[in-house]
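Shared chain: subunit A. Partners: subunit B in the first complex, subunit C in the second.
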Partner chain A sequence: MRMDWEELQEKSFYRSSARERAYGIVDPGTFREFLGPRDKMYSPHLVILGEAVEFDDGIVVGVGKIDKHPVFVISQEGNFVGGALGEINGAKMAYMYKIALKCYEAMKEKYGTVPEDRKPLVVVSYDSGGVRLHESNAGLVAHSECMEALWKLQNKVPNISITGSSLGAYGAQGFVCMSGDVVLANDYGRIGLTGPDVIQQEVGKDEFDASDRALIWRTMGARSKYILGDVDYLLKDTIKEFREKVKELADMSMSDISKHRHLGSPELVEDNLELVKIAAELKIDDSKDLWEYYGNENLDELPEMPQEEFLKVAKRRPRRGM
Partner chain B sequence: MALTELNFEFTPKEPKELNDEWGHVGIVSSGDLEILIEKGNAYKGKASFHILTTVVGFDNVWETVLGRLVDKTGLSGVKVSINDNAATPAVVKRRLQQAIENGGGLQ
Partner chain C sequence: MVATTNFLGKAHDAIEYIFDKETFVENKIGSTRLDPDLAPPAMVGEATLDGTICTVLSVNSRRPNPRFRVVFNGVMGMEETYKFSQALYATIDADKDKPIDEKRPVVLLIDTPGNSPGKIEEIVGMTKGTASYQFALMDARAAGHPVIGMIVGRAISGAFLCHGLLSDRILSLPKDYGTIVHVMPTTSIAVITGIPLERLNELVKTNPVFASGAEFVYKLGTIDELLDNPDQMRDAIIRNIAEVKELRKQGREDKLGIWNRGQVGAERGGRVKRIEAIEKMEKEFENILPDLLE
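What follows is the complex of A and B.
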């Protein structure tokens, strides 16, 4: 199987397949896939239901290197069953976190401490609608396994979330994405719990109009998330940009990386509740009101302007310790 | 209703071997398919196809499309595994060409 690393670097992250993202995010020629297509480990449930299967079950996992760091890569493929977590691909995902922790512990046992320039890290490229409904319980179990593993990685192994593919990170994967230490996105990144159509279906069109794409993007899109602090870095849409940012983060100390965290401590819960309080008190009914609250102008132009300009003018929610 | 399983074997007139060990292309999204080509000593001089598809009743079309391409290219010495989600014959043909390319082309 051939994969041209040089070509991948300039390729749009948004338009790349899960495998291309996985190969391109680490140093040239270093990526080794676990349970790849040749292992033919696909979902037995989909076969019974008469649904199409894929040899990698819609996820590419493996290990590569960035400088001296072992990088454990998880890359989801949104074009296959909505990138959703099932029994096989969910287990692949959860076990990558576990292997990363094992790697960390083995290094610690052997060398006493894990040197900063060799610390392992996890990079996850999200492209998923959540849990695969065809195998719902198995998918949910995988999701909770991921959450448990993530908890154990905290303050040991940096966990970098990337959203920048067609589906974003929704449903159960929205959780997992936000639980990462650092969240990276391009302009196509999206993070949410419930998707637009489901909100409209459940609460009504007055609450959320799923046909209004501008509304969807300014509510769940990367730029709004960047202003509100849920996305830490907004990047240009090439694999190279993402690789370079991951490389930069890899060289940061663990404590500096942990400062980016969005969840997982009483202080952060307080911060998030503060945001809820503001939204309730100001009767916010559109993200634009929040952007204005944090000092932004030209609210209608913010989602439209070129990214460079946006990064210059956008004013963000101040975050503790950053 | 379970997936349809199809198996074909073709023997091209002028057999050519794949350059690399294996080639892989495609994502099983709607109207698309995934093709995995693997070299194997057991398939000397022939191309063996194993297809899992969601569509029923197109066995002849599969046989014609794959048979013609094997004859034209000389693809042999390989096992080809296909996961299909209702791809059209044109897509099947193009993906198979891409898969051969991804496996380093034919000798």
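What follows is the complex of A and C.
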């Protein structure tokens, strides 16, 4: 597939396919795909079920460069079976973390220490509902394999999460996303564990009305996650915006990148637990209650106003060490 | 023991069944005292197993969490995942000066139907709770503690992902003793995917990725060892702890944990195409590695 890199830069990240996002997030002409459509590694289980398959199994993985940094890209395609993970796309995703670490180790061997201007990065563009139910047992363990592998990247290989596509990062992908070092989003980004429909089905409409779009956005959407600290940077919706932020992070020292981390240490357990306790004490019923607690006004306008204005007025939960 | 022994919804009873009699002390790990008011369903503490101090992490289905209305019947909410994390960091701290041989084992008694599907959880971030617990398990393994998961009841979907799947070794009782291992029942999968239930029920006989139950996920390597009955639990856990310790001492981390279970599963005939995908990627990567290092 031929793609015009310059054109991709101005394209809406939200409207871009997984392959366009992968090509456009790295320097022009540098992206090389692993197990691309030509390898025809599709799901054997969808075949058995008589379902349509894709030759890339709904995920684009490969490596490109930003300056001297090798950038390992995992890009999910929400248009294929909800971007959900099964045996093959799960293996592709999980093994990318392993490859990124191998690259880091090889670089260490070659240069003695990994030079900051060459350190490899992982970038994941999420667009998935989690486990692919058509092959559920395989999808489940694939997520666990991702977690075991990405845990090893900490303080070595920056792991950057992006949510800004049609499906967000839901189900088990929600916690894989939050396990990254830094989380980037546009206004379409969403992060959650249990989706609106599932909450309504399991607990009831009085807990969550899945037909209420505004409720979904202010519960799982990027602006609320930005105020509460789960999204580190809220960006305009072009591929270029995301590429430039990734480039900026690539040039940051590993220790400065690690300061963004949302979890993974006893200190962050206490930090996260503090928000849980505040939510319980305030008996919150809506994300607006927490926005107000952290000093925000115009609660009804915050989700609606232009992004530039939002970024100026939004008051965020203070984070430790930042 | 007759086949009616069943720990479904009674994981706390399994503590007495497995560990040395009356040695379990709740909310104590080494010199750390955990807050008893935090996460009532998260039943954590110390017990001895054949005289060795272990950290025990289990969910008590009879205790709801008064602050979160969706957290009852063994559901793991945010407080629960953070309390398990605290227990693991207390475990690491308790043995931080001890040699690898003396790092206390961590035993997870698995019986939980899911992570808490609530609105407040989504606002605050259930995602971070479950990921924090998973990172803490990995931290404990990295610090040298053997981590053993023992399925005694429900091992379901996201709750199994955080409370179990990242263990060094996972053991399970068979279905006859009340265990349920799946993402969701085939009846629900049929509704969501539109695949007729009869077809699914036919398929589970030959392909373990569709199936529900410990016997099937064993073939995928999700479970290391399938026990015959509860009487075997104590000895099996003791033996697995010893094996994990030995492998860890030899630096054979590759023989432990979920990644290894993928290999084990392929040997049992499950997820064979996964291995093919990984091998192809490895070759493609090795071919371009010299360029990447330039």
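Throughout what follows, the second predicted complex is superposed on the first by the 322 of 322 C-alpha atoms of A that agree within 3 Å, B and C clash if a C-alpha of one lies under 4 Å from a C-alpha of the other, contacts with A are read in each partner's own complex, and residues count from 1 in each chain.
What we mean here is this: a contact is a pair of C-beta atoms (placed from the backbone, for glycine too) under 8 Å apart; a residue touches a chain by one contact, two chains touch by 3 or more.
Only a predicted model underlies this, so the values are computations on that prediction, with no experimental measurement involved.
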| item | value |
| --- | --- |
| When subunit B and subunit C are modelled together on subunit A, clash or fit | fit |
| Which superposed partner A:Ser17 touches (first subunit B, second subunit C, both, neither) | first |
| Partner chain in contact with A:Ala52 - subunit B first, subunit C second, else both or neither | first |
| More subunit A residues in contact [subunit B versus subunit C] | C |
| Partner chain in contact with A:Leu193 - subunit B first, subunit C second, else both or neither | second |
| Partner chain in contact with A:Asn79 - subunit B first, subunit C second, else both or neither | first |
| Subunit B versus subunit C as contact partner of A:Pro37, first or second or both or neither | first |
| Touched partner set for A:Ile99, first subunit B, second subunit C, both or neither | second |
| Contacts of A:Ala214 with subunit B and subunit C, given as first, second, both or neither | neither |
| Smallest separation of CA atoms, subunit C relative to subunit B, angstrom | 8 |
| Where subunit A meets both subunit C and subunit B, residue numbers | 48-49 |
| Complex contacts: residues of subunit B adjacent to subunit A | 1-3, 20, 22-24, 27-29, 32, 34, 36, 38, 52-54, 81, 83-86, 102-104 |
| Residues on subunit A engaged by subunit B in the complex (per definition of touch) | 1-2, 17-18, 37-38, 40, 42, 47-55, 77, 79-80 |
| Residues of subunit C defined as touching subunit A within the complex | 67-68, 70, 78-79, 82, 85-86, 89, 115-132, 134-136, 138-139, 157-158, 160-161, 165-166, 182-184, 189, 192-193, 195, 199, 203, 207-211, 216-217, 220-222, 257-259, 261-262, 265, 271, 273-274, 276-278, 280-282, 284-285, 288-289, 292-293 |
| Of all residues in subunit A, those that touch subunit C in their complex | 32, 34-35, 39, 41, 44-45, 48-49, 61, 63, 65, 70, 86-88, 90-92, 95-96, 99, 102-103, 106-107, 110, 120, 131, 133-141, 143-145, 147-149, 151, 171-172, 174-179, 191-194, 198-199, 202-203, 207-208, 219-220, 224, 228, 230, 262-266, 268-269, 272-273, 275-276, 279-280, 284-287, 290 |
